[in-house]
Structure formats: structure tokens, C-alpha cells
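In what follows, chain A forms one complex with chain B and a second complex with chain C.
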Partner chain A sequence: MLTILLDGVAYGMLLFVLASGLSVTLGLMNFINLAHGAFAMVGGYVTALLMNRAGAPFLLTLPAAFLIPAILGVALERTLYRRLYGASPLDQVLFTIGLVLMAMPIAAYLIGDEPQQVHLPAWLSGRIEVHGVGIGVYRLFIILVCGIIAAALQTFLVKTRFGAQLRAAVDDARVAQGLGINVDRIFAVAFAVGSGLAGLGGALAADVVGGIDPSFPVKFLVTFLIVVTVGGSNGIMGALFGSLLLGVLDVAGKYYVPSIGAFIIYAVMVVTLIVRPQGLFARGDGR
Partner chain B sequence: MSAANPSATTRRLAAHLNRRARWRWPEILFWLAILAVIFAAPSRAAIINEVLIAGLFALSLDLILGLAGIVSLGHAAFFGLGAYAAAILASKGIADPTLGLVLGAAVAAVAGLATAPLLLRGADLTRLMVTLGVSLMLGELANRNGWLTGGADGLNFSIAPVLGLFPIGFTGQRNAALYSFAVLFILFTIARRLAQSPFGLALAAIRENRLRAGALGIDTSRRIIAIYVVAAAYAGAAGALLAQTTQIVSLDLFDFHRSADVMLMLIIGGAGYLYGGLIGASAFIVLRDVISAATPEYWEFWIGLALVILVLAGRERIGEAPRRLIAFFAPRAARRGVA
Partner chain C sequence: MISRFSLLAAALGAALLAASARADDNTVTIGMILPMTGPQASTGKQERAGAELYIQQHGDTVAGKKIALVVKDDASAADVTKRLAEELIGNDHAAVLMGFGLTPLALAAAPVATEAKVPEIVTAAATAMITEKSPYIVRTSFTLPQASAPMAEWALKNGIKKVVTIVADYGPGVDAEKWFSDTFEKGGGTVAEKIRVPLKNPDFAPFLQRVKDDAPDAVFVFVPSGQGAVFMKEFVERGLDKAGIKLIGTGDVTDDDLLADIGDSALGAVTAHHYSADHDSPENKAFVAAFEKANNGMRPNFMAVGGYDGMALVYQALEKTKGDASGDALLAAMKGMSWMSPRGPVSIDPETREIVQNIYVRKVEKKDGALYNVEFATIPDVKDPYKAAKH
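Let's turn to the complex of A and B:
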């Protein structure tokens, strides 16, 4: 029972890191970025390839898994995404689907179709017993790392000057610009952080989902969207609670009532949208 | 003048609608050309059939996206429902295709009616999510209820000849294409009529500005629900056609990529004038065939590239191209609006 709960929390935390970048672009910047999973895939590949081909230790690959997608994100944001900030949702959807369709064959061409495994170091695998409850060490590690990331993000957005500027730029880009905030730069940085987090999430998730392969962006796209939808699109805390809720429900559901499987999270999403279209944990008014 | 004399206004409106409803020769030519292609290339009947069915599916999306401006990422839900309804009926021994077609459309329409209220709330993003969620839920349902749907194995079944006369299937590919053509043509005619009716005008008003349309006294919610149900029925019919002519159904009918593909087809052809779906479907499938013959593994890349360029270059402008082409050949018809 407790094991399932912990597994659920770990899964939820993982979802959070994967989706938190999306809640920045989609939630804060109102950009429907269906290509988010592609950045996660890049991060996963960076870790897997660095470990398998260069023999780098797992922990050292994680910063790279953050940085490379972040740089890629900025490059794409500066060249392509920014043209579509004001575009209709339909255009954004089409554009980012196009990016996903391009990313998958590129990955298959460069790296191959077979999943790239991430082999965890010995000190992260195995289980420990606490009061008779078996806990996977890697699960604990995920909860720890993702918890730190969540706290850091929240502080970053709420306490720092940059966070305030970002929120201002999102609420009204023109006024923010008039106040001397460099909106372009803010958006670029936010996008980079979002892409980097996706990459980090992809690297951490690689072991849990059984390796990274070219279909990763589509396989998890829907899950990301559900997290953001359920969590509400206004901020990190909503995304955190949303992912935890979904993680626990999904793991528990698959364990106790396997016959309905993935049905639960879809149902949660649709019910959420009916009851509270702005998301469960959104500010009262939403946007 | 017209305000003082409402009957004159009504008459002018009726004349306007009638003028728009008239069939123009490029349209007649378009349909004759399809028919000619079916007869001229019997060896290609399978892919023609696929194009016709995809065209019907794209037409159904055009009804909600093009006419009413409602975005959907889960239109495959109705396609899959229609296909499974027809397939299950046939696998239970009732192999008459017409019956299956009607059942497929009816089941999809009921599902459309049940889910339409979800579309009335929230913004475009909410709609995208809800429609996507519904189609994924249905796919999961089909996956988990293997006793009815065959689960991951899908269903195999056989189909009686259309109207008891024309056998379809692997031995009758041309008949299958003709069957799809007939269904597509009939449904298209109805859709065309719908688009040019006062109902269609009301939908256009809703698309342009829902708030104002409501202020003009249009019951926007009911109009949206109505067109959504019609579109669902169309998608269901397309699904049923696919199931009957290929005589197999599988879970990938509900896949996300189906919904995405049909949207691409519609966007390639241009939304809002009904022919866009048909043109886009043929362009998409022919393109896919040509590219995947050259690079079987990486054809998606080129489709993706085409999409990105399409959006960056301005979807509206490129979507206008077929219409401009028509204008080039038939300037008079185009000025009055072909559809």
C-alpha cells in the first residue's frame, strides 16, 4: 500500500519535471507547444548516449541533459517559435505537430529505432526496507531531485526579480515592454528553462519508461497535456499537485483495477475540464 | 429600404442563398473527374478508395472547423466508433453494408450528441484537450473490451454485396471505390446544402464572433451542438466505409495520429469551403505514397517540414491557392463564391 503510494508519488514527481516546462510555455506564455516531448527525448538521448558511448557517470550526464535541450530550445525559440506567439491556437498546434513529425525521423535516422537504455549506477538501483515497506532507491532519488527542482522553480518564479518580470511580461507584454522589461529576452530564457527541464525529465524518466526511443515525443505528449490541463495552467504549484494526483491515481489504478488501465487519467482530465475548465488548482478567475 | 419591407429582405436573402446553392461547372467537372479516375485506373482502386474515405473524414472535420470554427484534436473518436459499429454488426452476421453504414453514422452521432456539451465551455485550448481526451478514452475502452472489439487483435469479418448486387472487398476494389464515391457524393451534397442554408450562415456568424452572433439572436449553443452531431455522423460514416471496404478494424483507428492527419489534410486543402478536405486528402495520401516509396522510414519528416513551412508562410494564404486556381479558370463563379 505504502509502496504503491510512494511509487505513485515518484511517478508524479517525474511527470512534474517533464511537464513543468510545458506549464511554463503553455500555462504562462499561452503557447501550445506539442513539441515539448521532443525536448524531453533529446535530454533522454543525451544521458543515454553519454553513458553508453562515452562511459560518463549518470549524475554527470544530468546537467548536460538539461543544457543541451535548453540551448536547442533557445535556438528554436529565436528562429521559429517567436513568430507564432500571437498566432491562433490552431496554427500553434499545426506548427508544433510539424516539429514533432520532424523530430522523430531525425532521431530514428541519427540514433536508430531501438530504445536506448540508461543503466543506473549500483547505488541507485535496488530497494531498501523502511519499517517493512520496500522502497526503490531510484524512486527515492527521483522524489528528492524533483522535489528540489519544484522548490527551486517556485522560488524562482515567485521570489526573484526575473520571476516577477516573467509574470508581468505574460500578463501584458506591451505594458511590460513599456516599463523597460526586455520581454523578448525573458521569453527566450523561460523557454530555455522549460526545454531544459523537459530534457532533465526525459533523462530521469529513461529508466522508468524502459529506454528512450524515437516515438517518445508522441507517447508522452498526451500525458504532459493531461498534467497541465488538470493542474491548471497558472503556475508551478498547480502543475505539481496535478502531476502528483495523476501519478498516484495512475499507479494505484493500474495496480488495483488493471482492467481499466490508462482510462483513469483520461477520465480525470475530461471530468476536470467539465467541472473546472481552468484546471483544478488554478487561480479563481483563470484566464 | 429593406428594413421597411421585411418580405423584400426575405426575398433578397432567398435569392442570394439560391444563387449560392447553384452547382457550377468546375464543381461538376471535379466530380466527373473523380469518377473518371476510378474507371480509368482500376489497379489503383484501393488507394482511390482510401482517398475518398479520407476525404469524407476531412469533410466532416471541415463541417466543425471550417464552418463553425471549432477546433478538435480528437475527431478520430467518431471515425473509430463508426468503424467499430459497422465491424461489430458485420461480425455478428448482419453483413449488409448499407445497414452497417447507417449504424456507424448513428452511433457516432449519438456519441457526438453526448460529448457536444463539453465543447460549449472554455477556449480553443480546452476544446483541443477535451476532444483529444474523449478519443483516447474511447480507444482505451476498445482496447479493454476485447470480448466485443477483439482488443489489440482487431476484428476480421466479411461483408455482403452492396444493395445485394455489387461485391466489395479484395476482389471488388473498384466496386468498393464506387461505393465510397457514392456515399461521399451524397453526403457532400447534403453538407453543401447545409453550408448554404440559413443554418450555415448562422454557423459562419458563430465562427467569426460567437458573442455577436449570440447578440443577434442566434442560439449559438444549439447550432454548435447540431453541427457537431452532423460532423460526428459524417466521421462515423467514413469510419464505417473504411471498415467495410478493408474488412478489418484495429485499435489504431482511435490513435492521435488519425486526428492529426485529418487535420493536416484539411489544412493542406484549406478549410471552410468543403472541397478543401477532398483536395487535401488526395494531396496528403498521394504525397505520402510518393515519399514513402522513396524513403519508407522517414516520410513523416517531410510531412512535418511541409507543415512547419505551411504555418510559417501563412496558412491562410496557401489555403487560398485552390480557390485562386478556381478563380483563374472560372472568374465569375469564384467571385460569387463557389461554395
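Let's turn to the complex of A and C:
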């Protein structure tokens, strides 16, 4: 029972890191970035290729899995994304889906269609058992790392000056600009953080989902969107609670009622959209 | 205007006629439709390499005809498969269609084959009912009942009494589940639970936790070969092996092509299948050596041998018809054909057009530092039990 709960929390945390970047771009910057999964794929590839081809140790690849997608994110933000900040949601959707459709064949061409596996070091594999409750070491590791990320992100956005500036810039870019906030720079940094988090999520997820392949960006697109829908898109905490709720329900559902377990997250989404369209954990007005 | 246009059309028609006549004269075109890109790309790669190796070894001329192999990529999309099948027959005058990485793809081409009276050789897809969908379908891969029923018989004889099945929820998975559990229950065993996992859900953790808490003697598994790695890893990480639960299944889960990537967690898995790269025969040793040499050391899997035997079937049929490449003549020649494949002796059942072959029970072991499916028991001349039950 507790094993299932812990598994669910670990899965939820993983969903959180994968989707948290999206709640930065979608929730804070109001930009519908469906290409989010492509950045996650890049992060996963960075880790898998550094490990398999260059022999780098797993932990050392993680900063790279954050940085490379972040740099890529800034480059794309400066050249492409910024043109669409004020555009209609449909334009943003079309543009980012286009990016996904380009990212997948590029990955297939450069790296190949076969999934690239991440082979965890010995100290991260295996399982520990305490009072009959077993949990995989790697799942515990995911819970820890993701917990730290969630806390850091929340502090970053709520407590720091940068966070306040970002929120101001999103609320009213012109006034923020007038007050001397460099909106351009703020957006670029926020976008980089969002992309980097996606990359890190991809790297951490690679082992659990059976390797990274070119279809990764679409495979998890729906899941990302469900997390943001259920959690509410404005704020990191919404995404965190949404992810945890979905993770636990998904794992428990598959365990207790395997025949319908896979559909539970969709049911949760449908109910959420009917009862609280702004998201379960969003502030009342839904902005 | 009108006369100029009709003149052009006539000239074009004549050119086309000439082109088709040339193609028909001395060349037999084999249209191979495979997923060369996308998640099933490894199937396409292996199949193609198998077919090409056969041509390389046996020359590209048989019974006075030149063999031309045309490979097309359907990226696992059934509508594309169908269009490519039509194009291959219409434009390239293909005498034989071959390949088909997944069941829906084989089914998509079936009406095209029937209408054009062109043999469709299925060298990969493995749902049992495929060959019933067109009288022109012949199969050189295997069927899931063919591998699953012998697995159940082996389990019954080896002290396994309680089993949980986990299969991917689509045609072949349902086939595997049905034939394993029916055979196992008929023999007095208990199937405690039948779990179907979504095809596109690679997280097996909760399902395996459930299996662990059921505490069966063994878990029978069928997942498409690409998902074997993640399944095995989770199986070991969750401690099912230490809990004394055996892993049994069809050979898809310990695919030769992916075994190295799965790693040591595969050790000890017992599977029933028609081909292992470790199969001990002079034909197979030669096949594996030539295949690895031609493909940068890539180890052949059951897909490669399916493609290789598909080509073997066409060559032998052409020899029998003395070069007559018309669909009905080839089909008649293929029925009842028997030959020695790298996997062992095989034949085509004349009634069902289904391959009859040995099924081997194998265990994953380490040999010279590499993992192999080492065969230790043989069930000879297994016919597809699904069709045998009907006749």
C-alpha cells in the first residue's frame, strides 16, 4: 500500500519536472508552448549520448541536460518565439506544433529511430526495503531531486526580485518596461529556465519510460497538458499538486484496477474541466 | 489542340506500354514494404538486411529471371502501406509483395494482393488471423499462438502451477494471452490474473507490483520487442526475481537485437520462440557470420530470418515454376514448399499458407561475455494452433 503511494509520488514528481517548465511558459508567460516536449527530448538525448558515447557519469550529465536545452531555448526565443508573444493562441499552437514536427525528423536523422537507453549507475539501481515497504532507489532519487527543484523554483519566482519582475512583465509588459524592467531579458531568462527544466525532466525520465526516441515530444504532450489543466496553469504549486495527484491516481489505478487504470488520468481531467475549468489548485478567479 | 493532346496521350501510352513490357520480360520485381523510420525502424532494418543477404548469397538471377528488390518505407502507417502496395503493383509491376512490420500493415495490403492476384509474403507481423484475410497471403515469420501454446506446455511440465499474464493490449498480445492461458488451464494450471497493459504505456511499475503481490510461480509476458528493456529492468528492480517469480514469454521480450541493451536483468528469462541467433546448426552459424559481416556486426534477430526466408521462398518458388512469375503459379509453388532455414527445418502448410516450424524453449545466458537466448528444448514441426483448431 505504502509502496504504491511512494511509486505514485515518484511518478508524480517526474511529471512535475517534465511539466513545470510548461507552467513557466504557459502559466507565467501566457505562451502556449507545445514544443515543450522537444526540449525534454533534447535533455534526454544529452544524458543518454553523453553516457553511452562519451562515458560520462550520470550525475555529471544532468547539468548539461539542463544547460543545453536552456541555451537552445534562448536561441529559439530570441529568433522565433518572441515574434509570437502577442499573437493569438492559434498562431502559437501552430508555430510550436510546427517546431515539434521539425524536431522529430531531425532527431531521427541525427541520432536514429531506436530508443537511446540511459544505463543508471549501480548505486541508483536496486531497491531498499524498510518495514516491508519497498521502493526503488532511483524513484527515491527522483523524489528528492524533484522536491528540491520544486522548492527552488517556488522561491525563485515568489521571493526573489526577478520573480516579481517576471510577474510584473507578464501582467503588463508596457508598464513594466516603463518602470525600468528589461522585459526582453526577463522573458529570455524565464524561457531558458522553462526549457532547461524540460531537458532535466527528459533526462530523469529516460530510464523510467524505456529510453528516449524521436517520438518523445508527442508521446508525453498530452500528459503535460493534463498536468497543467488539472493543476491550474498559474503557478508552480498548482503544477506540483496536480502532478502528484495524477501520479498517485495513475499508479494506484493501474495497481488496483488494471483493466481501466490507464484511463484514470483522463477521467480526472474531464471532471476537472467540468467542475473547475481554471484548474484544481488555481487561485479562484482563474485570472 | 485536341489532336495535339490526343497525340501526346497516345505517345505517352505507347511509352508506358513499352516500359511495362520491358519490366515484365526478364525481371521479377519484389516489392518490400517495411517500417524503415519511426518506432518500428529496427524491424525494417533487420528485415531488409535479411532479404538482401539472401540475394547476395544466391545471386540476383533465378530460373533465368533477374530479381529486383524494391524497398519502400511505410513508417508503420497502414494507409501508406496500402498506397505503396498499389504503387508497387501498378507502377513497378511487382510480382511479389513482402515485409509488413505490424499486423494492421499486413491487413492493409491484403485486399490489394487479392485483387491483383499477387502473393503477399508476411515476414514480420504475427497475429494468427492474418493469413485468412487473403488467399494470396503466405507467412514466413511466426504466429503468437505458435509460440505461446508451447510455452504453456513447457511451464506445466516444469512445476509452474500459478501464472499471471501481462500482455500489450493489441492483436498479438490478445493472441498470446488467449493461447497461453487456454493451454495452461486445460493442462491443469491456474492463471491467477490476466493483465492487459496499454500498448503506448511504457511504465510497467504498478502492473508488476500487482504481479508481485499475487505471488505466482511465473509471469507470462508478451510486449512488442522494443519494450522488453523497460519491462525487464522493472521486473528486476521491483525484486520479482528474488521473490522467486519466473519470467516466461514469447521471444519478443528477449529480442536478439536488443538483448545487449537490456543487459543482465534478462538473465534467466525463459522464452519460447522460433529463432535465436544462438541456434546450433551449421546453416545458422553461416547465416549469423555472413549477416554480421554484411551489417557492421549487427546481430540478426527473428525479423532478419523472416526476411531471409521470405526471399528463400520466392527463389524456390520461381525455380519450381521455371521462371513463371504470375501470381497464381507462384502461390501454387509456395504451398507445401519445405526447406532448411537458419532457424531449422520449415515448410509452408498448403492448407493455411502458414509456416510450420520448430519452436525452441530458450533461456537467457551469458556466453563469451554476451547475452544469448540459449535453446534447451525443441518442440518439432509446430503448426499454428489457431488454424489447427478450426480445421
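Before moving on, here are some points about what is shown:
Simple rule for what comes next: the second predicted complex is superposed on the first by the 286 of 287 C-alpha atoms of A that agree within 3 Å, B and C clash if a C-alpha of one lies under 4 Å from a C-alpha of the other, contacts with A are read in each partner's own complex, and residues count from 1 in each chain.
Assume a residue touches a chain if its C-beta (ideal position, glycine included) is under 8 Å from a C-beta of that chain, and two chains touch if they have at least 3 such contacts.
This one's a predicted model, so the numbers in the text were calculated from it and none came from an experiment.
Of the two partner chains placed around the shared chain by superposition, chain B is the only one that A:Val270 touches, whereas chain C remains out of contact.
Once the two complexes are overlaid on the shared chain, A:Ile32 sits against chain B while remaining clear of chain C.
After overlaying the two complexes on the shared chain, residue contacts for A:Ile226 are found with chain B alone; chain C is out of touch.
By the touch criterion defined above, A:Val218 reaches chain B but does not reach chain C.
When the two complexes are overlaid on their common chain A, residue A:Val93 makes contact with chain B while staying clear of chain C. By the touch criterion stated above, A:Ala108 is placed in contact with chain B and with chain C alike. Of the two partner chains placed by the overlay, only chain B lies in contact with A:Leu84; chain C stays clear of it.
Of the two partner chains, chain B and chain C are each touched by A:Ala262.
On chain A, the surface patch touched by chain B in one complex and by chain C in the other comprises residues 108, 259, 261-262. Interface of chain B with chain A (complex): residues 65, 71, 73, 118, 121-126, 128-130, 132-134, 136-137, 140-141, 143-144, 256-257, 260, 263-264, 267, 297-301, 303-308, 310-312, 315. Within the complex formed with chain C, the chain A residues making contact are 3-4, 7, 11, 108, 112-115, 117, 119, 125-127, 134, 136, 138, 207-211, 213, 215, 219, 250-255, 258-259, 261-262. Taken together, the chain C residues at the contact with chain A in this complex read 37-39, 41-42, 195-198, 200-203, 205-207, 209-210, 226-227, 229-230, 233, 237-239, 261, 263. Taken together, the chain A residues at the contact with chain B in this complex read 26, 32, 80, 83-84, 87-91, 93-95, 97-106, 108-109, 218, 221-222, 225-226, 229, 259-263, 266-267, 269-270, 273-274, 277.
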